[in-house]
Structures are given as structure tokens and as C-alpha cells.
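The next part holds the structures, each set out as C-alpha cells.
Here subunit A shows up in two complexes: once beside subunit B, once beside subunit C.
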Partner chain A sequence: MNRKKIYPLYLAVIPAVVFTIFFIIPSTIGYYYAFTNWSAARTTDLKFVGLENILSVIQSSKVPVAFVNTLIYAGVKTVMVTILGFVFAYILNREIRSRTALRTVYFIPSVFSCLVVGLIFSAVFQTRHGTLNNILNMFGIANIQWLGSRGTAVFAICMAEVWRNVGYAIIITLAGMQSVSSDYIEAARLDGATEWQMFSRITLPLIMPTVNVNILFSLIYGLKMFDLIYVMTGGGPGNATESFGTLMMNEMSAGRYAQSVAVNLVFTVLLVLVSMLYQRFSSRWETVE
Partner chain B sequence: MKRKMVLLLTGMIVMASLYGCGGNGAGDSGSDTDSAEQTETEDDSEAGGGVTLTLYCNADDMAKPYMQKIISMWEEESGNKIDQQGLDTDNAETIALTKFTTGDIPDLYVHFGNSNLKNFNPEENFVDWTDAEWVSDIQDSVMPQAVYNDKIIGLPFWEASNSGCFYNKKIFDELEISQPKTQEEFDKACDTLLENGIQPIYLAAADSWPILYQFALDPVIEEHPEYVEQLNAGELTYAEIPEFTSMCEWFLSAAEKGYFGKNYASDTWDYCSEVLGTGEAAMMFCWDTWFDTDYDSESYDYVGEDFGIMPVFMGTCDEGTYEGGNVNLMMANKNGDHVEEAKDFINFMSEPDNYNEAFDGISTAAVFKGQTTNVNSSQYEENKESVDKLIRASSAQPKIVGYNQGEGGKALLQLMSGDISVEECIKLIDDDRIATLKSFEQE
Partner chain C sequence: MKKRKNTVNRILEIILWICSIVTIYPILMVLLTSFKSKGEAAYLNISLPGEWHPENYVAVLEKDFVRSLGNSVFITLLSVVLITALSAFLSFIIARRDTKGCRITYKIITLGIIAPFTALPTIQLLQKLGMYGSRTGLCLVYAALYMPFTTMMLSGFIKGIPRELDEAAVMDGAVGWKLFVTVIFPLLKPALATTGVLNFMWVWNELQIPMYLLNSSAKWTLPLSVYNFYGQFSRSWNLVCADVVLVSLPVVIVYIFAQKWVIAGMTAGAVKG
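For the complex of A and B:
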């Protein structure tokens, strides 16, 4: 890398203008509506109402539930997807006969749309005639309302999301593992390192940047979860599985557009905070020599 | 040479993409005259000289036989076509609202004329039919539902069903349970069913809307019509209406006693036929025409005629209540490309010969004064006296601004599941109503 090559500052103007036109301005205009009286019944002559909508969102009893659920979805997804992605990638990186076929099989769920995955898992977790309950019935276990109570419904949604996303994590982690030079491993082996030592001292540190990408993507997409919840439970039973995404949808469908944007604004602040915090901590884990 | 070829191909792809992205919807009509004309030409060629109208409607509602009949009759006579776009039943209103907000307004739209219609800006979007000839042919009991701000904004064209509590007559006879006449008798009937291992009521609470708590509010509003005005003016809350608390308490107590079975939180509307048909549950809150149009009489032990109608008891009215018909309105987009054709279709629907042919043999009360070919449901005929005595017009849903059947159902489900108290449940339902009310009033 030529460290002396420093580009002139004016070259940053073009990307800055593009970023401003296509991101900053539309977002700002969009969020402006959170401070107006925009509703289905009032789409013109909008008036500024200050923080009224933001305050009503913060004071809503549904927001704490949605906030906690959103963190659960993001947390469970991130941990499970990262760990499973790592484990499967480690296995698929070894000399196995069916390696290529297995890589394809594990990636297939990632190709399915959320709607399809939601419908499949709804059929699996349904109380009446659900696949899981049919299996339990064979062992004399009574039907369980998987989607009928908060704990099990959140669990079912998380399982569906993990199933759908683990393929991506495998592929990304696998790419990271394959970029680790075999010279390091061979040298370590000659020095008498154990499998665990080779993994923990060589492979893991070298692929940490890749794992971090996985974690960040899982975290952000986990926080933004909407479609699976909407298809599987609609935020129910009651409001038990609501996320910020479904809250926005509810406000929008009730014709309360400004409140919907206000929920979005609060959610965006949360998303940015979490991403910044993660970026700050994750940089310490990366070891790039 | 190779570079030129790459540039040429790239240019062609960009042109094709831009062309493909070009809109030709109603909202773009001002600037897209050419594409609009092209669309019309395509429509014309497809329809053999006529035009194609777009129709948005709840998919289940669209599939009703009389809807299909009247559409095919008009298509045959006019040479025009109707592109029927069925919207997902559970989210129909949300999807339609999103489309309207983004300027995607169809030529024809079907909606229950409740307070939510306000979201669709009827005065700006729909044809005013106040002076139409067919207005005088609409039944007086139905007319209020077609009115928005003193204007007739659509043609009521639907089943005028009688809603109530439907019960399995054979099971009641076997257990020697007589038809309840009071709330106390109803609760006793539920206890007897439970003692005999039968789930008293099938409540598809997972879908939230089938909790149908408006049935409990109709008699309250009939007795206190001032409540509607006070609620809509922000001068009254649900917590200040004692009957609202009684209703919540009844739902809680019924769930705790097991009246709705063990799985009500995950029970969905899809299983109504199965649960009633196998005799797993003996009752359900519903409407009479459902047994003719949706109930699967062929697959289960009990057929539609095995069910009778009785009043709904939900803790607010001791003698119980029935709810009168909620009718769908067919409305025409007054700013669309095919306003005249859309109006022609609605006028066609309003012709006595045509609606009588469409509703021939259909189980419904008459919506039009000249309607003669419909048949009343067997449930209604068997219990006509009780229905006629206790039936009340649907009032909570169409009149209370911000009334939300789905969100209210969700709160009641949380209450029944023990997640929240009665007070919290009322607050949750009221907060949602007030939020909508405020969003309409914000200045």
C-alpha cells in the first residue's frame, strides 16, 4: 500500500453529495413527518405538532414489550446464527466427501422468502394438526400452544429466523476460514500444537473480522425483524410478540401515519446506538497483523 | 470494438430498466399520457373493445357467489372486464390503505362502511350517489351504513346477516339444555356443557377480530346514544362506561372457567367448521349466512341445519342481543380513468332484475326493497321471534371513531390469558381509540 498517496479533499465531495441526496435528505424529510399531524384523514395542510407524537410513542404501554422483544429477537438470532454458522462452517471446511452438497443444502433456507419460511414454521408450530404437536402426540404428550403464549411464540419465531439465516453465516464464515493460509496451520502442527490450540490461537483470531461482519449483520437484521413475526403471529397473542416493525405497521394500518414515523424514528435511534456500541467493542476483538 | 459493444449493451440495459420502471398508475396519469393510452389500448384489446376496471376487495368477500355472479353478468352485457384483485383477508384494510396512500386507487373499491372509511378520504376519492335513482330502493335499516357526511358514497351490495350466538341444537337436546334467555342461564348452559366434556364456545382469539366485542356494546349504545358523541368528542372514556368493565370481566371469567377451551389463544377462524362440525365445541359467535356460505356441512358429523341462533351474552345485557347486518359498499373512484364505466357497473348492480338474479337462492335478509329472490337463513326462520325482538343495529363499529376490532381483541386476549388486569385491558383498548381520535383531530 502506498501510504504517501493522499487523495485531494475535493474528491470526497461527490460521494458526500450523492449520500446527501439519496440518504440524508429523504431520511430527514421522512422523519419530519414524525413531528406533524399526518394521518390517513389528513394528508395535506400538515401542521407541526412538536414532540407530541414522540412522547405518545414513548409513553405507550406497547413500546416496552416491543423493545424487549426486539432485543430478544436480535440477541437470540445473533448468538445462535453466529455460533451455528461457525460450527457448521468449521465442519464444512474439513475434508468431507459430501462437502459441496452439504454447503448447498445448508444455504437453501436463505434463498426462501420470509413469507414462505413463516408459513412453513406456522404449519410446524400450529396447535391443531401442527407437525411438532403431531410428533408429540405420538409420544402421548398433549398439544402445546406454541404460538399461543409469549415464551413459546417468541421461541418459535427465533427458531424460524435462525433456520433461515444460518446458511448466510456459514458461507461468510467459511469464506473467512478458507482465507486463512494453511502455512500457519502446518507450522503450528510441526511445533506440536493441539487442534484446540490451532483453532483458538490461529484460526479464530484470523477470522474475527469475518465473524464480526456476521455478528453485525445478524444484530441489525435481528433488530429490524418484521415479516416473520407478521406472518407467524401478527404480533400476538395479544401484543406478546410485537417488535418495533409490527408496531410501525399497526400504527400505519390504523391510519396514524405520523405516529408510525415516530415509532420508526425512536427505533432508528436505538438501531444506531446499538450499531455504534457494537462497532466500538468489536474493534478490540479483531487481530489483524 | 469490444469496448463499444460493452457500452452499447450497457446503454440498452439501462434504457430497458428505465422503461420498465416507468409507472402508468392512476396517480401518474398527468405525465404519462402515452403510457396511459397504451394501457388502455392493451386493456381494450384484451377485453375485445371494452375497458378493464380494477377492483380491490377482501379476497374472501370477492369470492362470494353473488359477487361473482353480478360481475360476470355485467362483463357479459357491457363487454368490459373487471380485474378482481383480492386482498389478503386478514390484512385487507391495511393493504388497501397503503395502496390508497401511495396513490394506487382502483376504479372500484369494496369496504364495510364503518368509521375506518374515513381513512380513505371518501369525499375526495369516491363518487357521490346521493341523487342516484336507486337510493330510494335501499332498505331503511341498511341506509345509514351507506352514508358518509350526509352523502351516499356507495351501493350496499351484500348479505344482510343476523349475528348472534350459534349453538349445536343436537348437543343441547342430548344434554337437555334449553335455549338460554338470560346471562345467568347462558352461563349455566356453559357449565353443563363443560361438565359433559364439551367445550362451550369456540373463540378464534388468535385472530383477535373473532372476539367480536362490538356485540356487547351495541345494546349499551342503544340505551345510551349519548355515549357515541361523548366518546368521539373526547369527553368520555371506556373506563367511565360501567358496561365496558362488565364485558371485560365476563370475558375474563369465561376464560378462567374454561368456556373457550384450553387453546383459545392459538385458535384461528380457519378451524371453525372442524371444531363445530365434530362437536368439539357447541357454540360460536358468528352470523347466520356464514353457515350457508362458509360452513363445511359435507365433511363433518353436524351439518349447517343442526345449528340454531340465540342471543349473544357478553356481560352487558341480561336479555342478550343480536346484531343486524353489516353490509359492504361498492364504491367508484371519481378520479379514475374509467369513471363512467365504474358508475355504469354500480348502476347495473342496483337494477332489481340484476340483483335478484345475483342473490337468487342466497341466504340473506333483503338489502333492497325490491329484493325477492333471497332466502332467509334456517336459523333465522326457526327463531324469528327472538331475533326480531332483540336485534340491534350495528353501532359500535360504524359510529365510534377509532373503534378497532383487532386491537381490542388483542387486549381482551391478553386479559383472558392473565397478562393484564381488567383496568389495564380497558386502558389499552381506550388508548388505541384515543390515539386514532387524536390523529384525526390534531391541529
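For the complex of A and C:
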């Protein structure tokens, strides 16, 4: 019997329709609206304005700030989470008695929602009696206004995001390391390989595909960060900690609809570029070994 | 030599426990603060409450918590069922039919993981369909948004199921829907459990999308009501912390019972890509 009869299309119709109606159509309409003069005040009779919105959001200070912040959030998170995940997973992969307990403790924050983590870290980074300032006071350091200026606020948000995500990275990297056959390690040991050689020549190349996918997802979700920033600073002070996600929300709340979807369009281009670039580079790393 | 290695492992273990303070400390602070009086709670430290105030939890529960909990349960369950069922059928056809059209569809679907959620046009569309502000409308949007990841994982699993099993069932006359129910579904159960748990945690925790799509407070989910509660009572850290504990409890419980599947799913997803 032929394949088309055994696997009839009708089973895929409903899912495809739902995906088209609730994702593809709104996204496409949104990209189109980015080229019109849509706003809260003007919802009908739209005029095509070409690149006006996109140019205006790029030239205003908002998009450049959001662009830099978004890259910092995603970059710092991905680098720190990957490195910490690697180090902790490597240690946990040794003969450590309380491995399960440690793994669970490190994973707990990953279960919390961004909202909850945002609230917890609003308390931690609060200026007066904040948890971190309490500790710093004990060492004689005066209160720092963590969420009051761009540098420290971006740092605080990054720390909260890293805190939430290290657990994921540890578990995935650890699982990758455990799937490396001990035969290879034994063979290398018999040949007199050092610990470092075994790590860099066997473990690392074999878990690289796992780590790569992990990094890609970390980048994509990092770039899309919204809840944490929204809860901790709302994009402020001013628009100093804004990411693309909060910028879209704030432009929409201000009634600048076309600008909001224009930001979305710029953001989509950035996301597609980053994931394509990363996949290009990472496939090169994999073929090296 | 062996002895030295053991000592090294001991030291590393102790270092890991010291580092874990960074994880434990804020959680402990929230737990303890949730039992303090308003004045004491303002200090945000990990000292024990001078007087225990379990009534903080009562105060939070009285603030529409139960109604939001009901909304969250309804929305999360319906969404997870929709996401899982739709993705399973789609993955089955994509992975098995394997025509050019299927491969293109798969490419488009995976783009859905990368592309951001477009709030305004989605709101407009839901208004046209008469579903704006409704819980069902929100669930359908979730279905579309989370389908890409689930489809990616499930089609990976289905490709791992030997085709010979299908062929044997086809001999017995099982085609299409029947083939899915008799052959694929039983083998897919562990994968479905994994994606189900992951989707549960994501949908349950989501703040941004319900914020855009639910307009009346009667339909708010828990994260929305917590966010709003924080706006009203940001000076009463004891109440905010009690709220945080209550809203996190369900996910923590699900995680404890479903830990095995969560970890299996995350690693499988990462390995398969």
C-alpha cells in the first residue's frame, strides 16, 4: 500500500490550521503593519508608509539601547550558564556521594517562574534592607542602589537569569557526560592519558552536540527575555534596562502600535540571524573533531 | 593515588555545598519572610520570625487566590491537552509520510521556536473571532506557540520507532488514525509524558501572554494575580512572599513527582535537536 494512504493528511489538518491561524497569520499581519501608520488613535484606513517606522525606531535611542541590552542579557546568561554548568557537571560526574541531593538543590530554581524569580530578586536587590545589601553591610559596604542605574540593574537582571538557569545546564551537560561510554575512558587511561587529555580529547568532543543545542536554546530564550525584566525594573530607570520584549510591550501601552510591530520585525530579523550564525559556527566546531 | 583522589572528591563536594548557599539563601529568605509580621518582613533577611504569622497565607488566599487557581488549572490542562494531541498527530504524519511538503512544513514549524510572539495582531485576530479575553482563545494561542518545540521532540521520537512495526499493523488493516492508536501511541507514551510535564510547567508559569490576552481580572491566571498583588502590596513583603510560596507550590510538587520525565525529556530534546 502506498505511503500517502497509510499516513493520510487529514490527521495533520487540524494542527496545521491551528498553527496557521494563531501563529502564522498574526505574525505575518504584524510584519505588514510595521509598514503602515497604525496606532491606538488610527485603527482603520491605514496608509502604507514604507520604512518610516523602522527607520524611526532604529534612529530613536530606544532600539539601540534595547538591542545592546538584549545582547548583553542573552550573551552573559549563555556564557555564564554554559561555563558554570560545565564546571559543576564535571565535578558531579566524579565519585561524589551526595550527587543526587546536590543536583536537586541546584535544579530547584529552574522550576520557578520568571515572575517568582523576579520577585525574589527584587527583594534581594532592594536598596533599603535588601538581602544583598544586608550582607554587604556586614562587611562595612554602604547600601548600593542596584536597580537604580543602568550598569548595576543590567547586572542584577543577568544574575537573576543565571540563578534560574544554571540548574538546567548542569543537568543536561551531566547527562551528556554520563552517556560517554566508560570504555573510551578506560582505553585512554590504559594508554596513559592524563585527566586533561581524557577530558579534552574524549569527553568534550562527544558531548559537544548536546552542549551546542543547549547553547542555541539558551541564546534564543535569552534574547526573548521579558518577564524577569518586566517585574524587576519594568525596563527602567527611563528605558535603561529595556529588552526587545519589554520595549514592544511599552510601545504598545503607549499606543504606538506600528512602532511596536516595527520593533517586533527588527527583533525577528535579529533572532533568525543569531540562530543561523550559531548553527553555521557550531556545525563547524563539530566537524573539527 | 586512589586515596588522593578521594580527598580531592571530598573537597570538591564541600565546595559544591558552599556554592549551593547562593541557591538556597534566597529561597530560605522568602520562606521565612512569608511567616513574619509586616515590620519584620521589611528586613528581608534569614533570621527566624519573632512571632510566626501563618495568617499571612490566609490573607493571600482570601485575595482571589482560589479563583485564579481555578483559571490556571483550567487553562493549563486544556492547553497541555491541545498542545500534546495536535503535536502528536502532526509529528506522526510529518515523520512517517516524509514527502517534500512534510519537510517544508517541518521547517516552517521549527521557525516558530525562533520567531517572537506578536501580541497586537494576535489580539486583533482574537477580537475578530470573538475570542479575545476568553480562556479558550488563550489556550488555542498556547497550542500554536508551544506546538513547534513539542513537534520537534515528538517527531524525533517517532523517527526512532522502527517502520517494520507500522508495516505489520498495516497488514492487519490498521491505517491512519487506527495505526496511530494501535502502534505509535503506546510507544510514544514516555515521550508524551515528558513533553506534557514540560508544557505544564511552561504554561503554568507564563506571564507575558495572558497579560496581553486576558482583559478581565475574573479570568486571570495565578502569575497575573500575583503580579497584580505585588503592585498593590509591594510594601508588605510578608504577603508577597506568602503569595510567591503558594504560586510555586504546584510546580514544585509536579516537579518532585515527575522529575524523572523532566530530566529525560530535557536531555533527549537537547541530544536530538
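One rule holds in what follows: the second predicted complex is superposed on the first by the 257 of 289 C-alpha atoms of A that agree within 3 Å, B and C clash if a C-alpha of one lies under 4 Å from a C-alpha of the other, contacts with A are read in each partner's own complex, and residues count from 1 in each chain.
Simple rule for what comes next: a residue touches a chain if its C-beta (ideal position, glycine included) is under 8 Å from a C-beta of that chain, and two chains touch if they have at least 3 such contacts.
All figures in this text were calculated on a predicted structure; none of them were measured in a lab.
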{"item": "Which superposed partner A:252 touches (first subunit B, second subunit C, both, neither)", "value": "both"}
{"item": "Subunit B versus subunit C as contact partner of A:213, first or second or both or neither", "value": "second"}
{"item": "Touching partner for A:126 - first (subunit B), second (subunit C), both, neither", "value": "both"}
{"item": "Partner chain(s) touched by A:244 [first = subunit B, second = subunit C, both, neither]", "value": "second"}
{"item": "Partner chain(s) touched by A:180 [first = subunit B, second = subunit C, both, neither]", "value": "neither"}
{"item": "Subunit B versus subunit C, judged by how many residues of subunit A each one touches", "value": "C"}
{"item": "Touching partner for A:224 - first (subunit B), second (subunit C), both, neither", "value": "second"}
{"item": "Touching partner for A:188 - first (subunit B), second (subunit C), both, neither", "value": "neither"}
{"item": "Touching partner for A:171 - first (subunit B), second (subunit C), both, neither", "value": "second"}
{"item": "Which superposed partner A:202 touches (first subunit B, second subunit C, both, neither)", "value": "neither"}
{"item": "Subunit A positions touched by subunit B in one structure and by subunit C in the second", "value": "126, 249, 252, 257"}
{"item": "Residue ranges of subunit A in contact with subunit C within the complex", "value": "1, 3-12, 14-16, 18-19, 21-27, 29-30, 33, 88, 91-92, 94-98, 102, 104-106, 108-109, 111-116, 119-121, 123-124, 126, 129-131, 134, 163, 168, 171-172, 175-176, 179, 209-210, 212-214, 217, 220, 224, 226-227, 230-231, 244-245, 248-249, 252, 257, 260-261, 264, 267-268, 271-272, 275"}
{"item": "Subunit C residues within the subunit A interface of the complex", "value": "6, 9, 12-13, 15-17, 19-20, 22-27, 29-30, 33, 42-45, 82, 86-87, 89-90, 92-94, 96-99, 105, 108-109, 111-116, 118-122, 124-125, 140-141, 143-145, 147, 151, 166, 170, 175-177, 179-180, 201, 204-208, 223, 226-227, 230, 237, 240-241, 244, 247-248, 251-252, 255, 259, 263, 266-267, 269-271, 273"}
{"item": "Touch list for subunit B against partner subunit A, complex", "value": "90-91, 93-94, 97-98, 101, 116, 118-121, 205-206, 208, 262-263, 265-267, 271, 274, 402, 404, 407, 410-411, 413-414, 417, 419, 424, 427-428, 431-432, 435-436, 438-440, 442-443"}
{"item": "For the subunit A and subunit B complex, residues of the former touching the latter", "value": "37, 39-43, 47, 49, 52, 56, 60-62, 126-128, 143, 145-150, 234-240, 249-250, 252-259"}
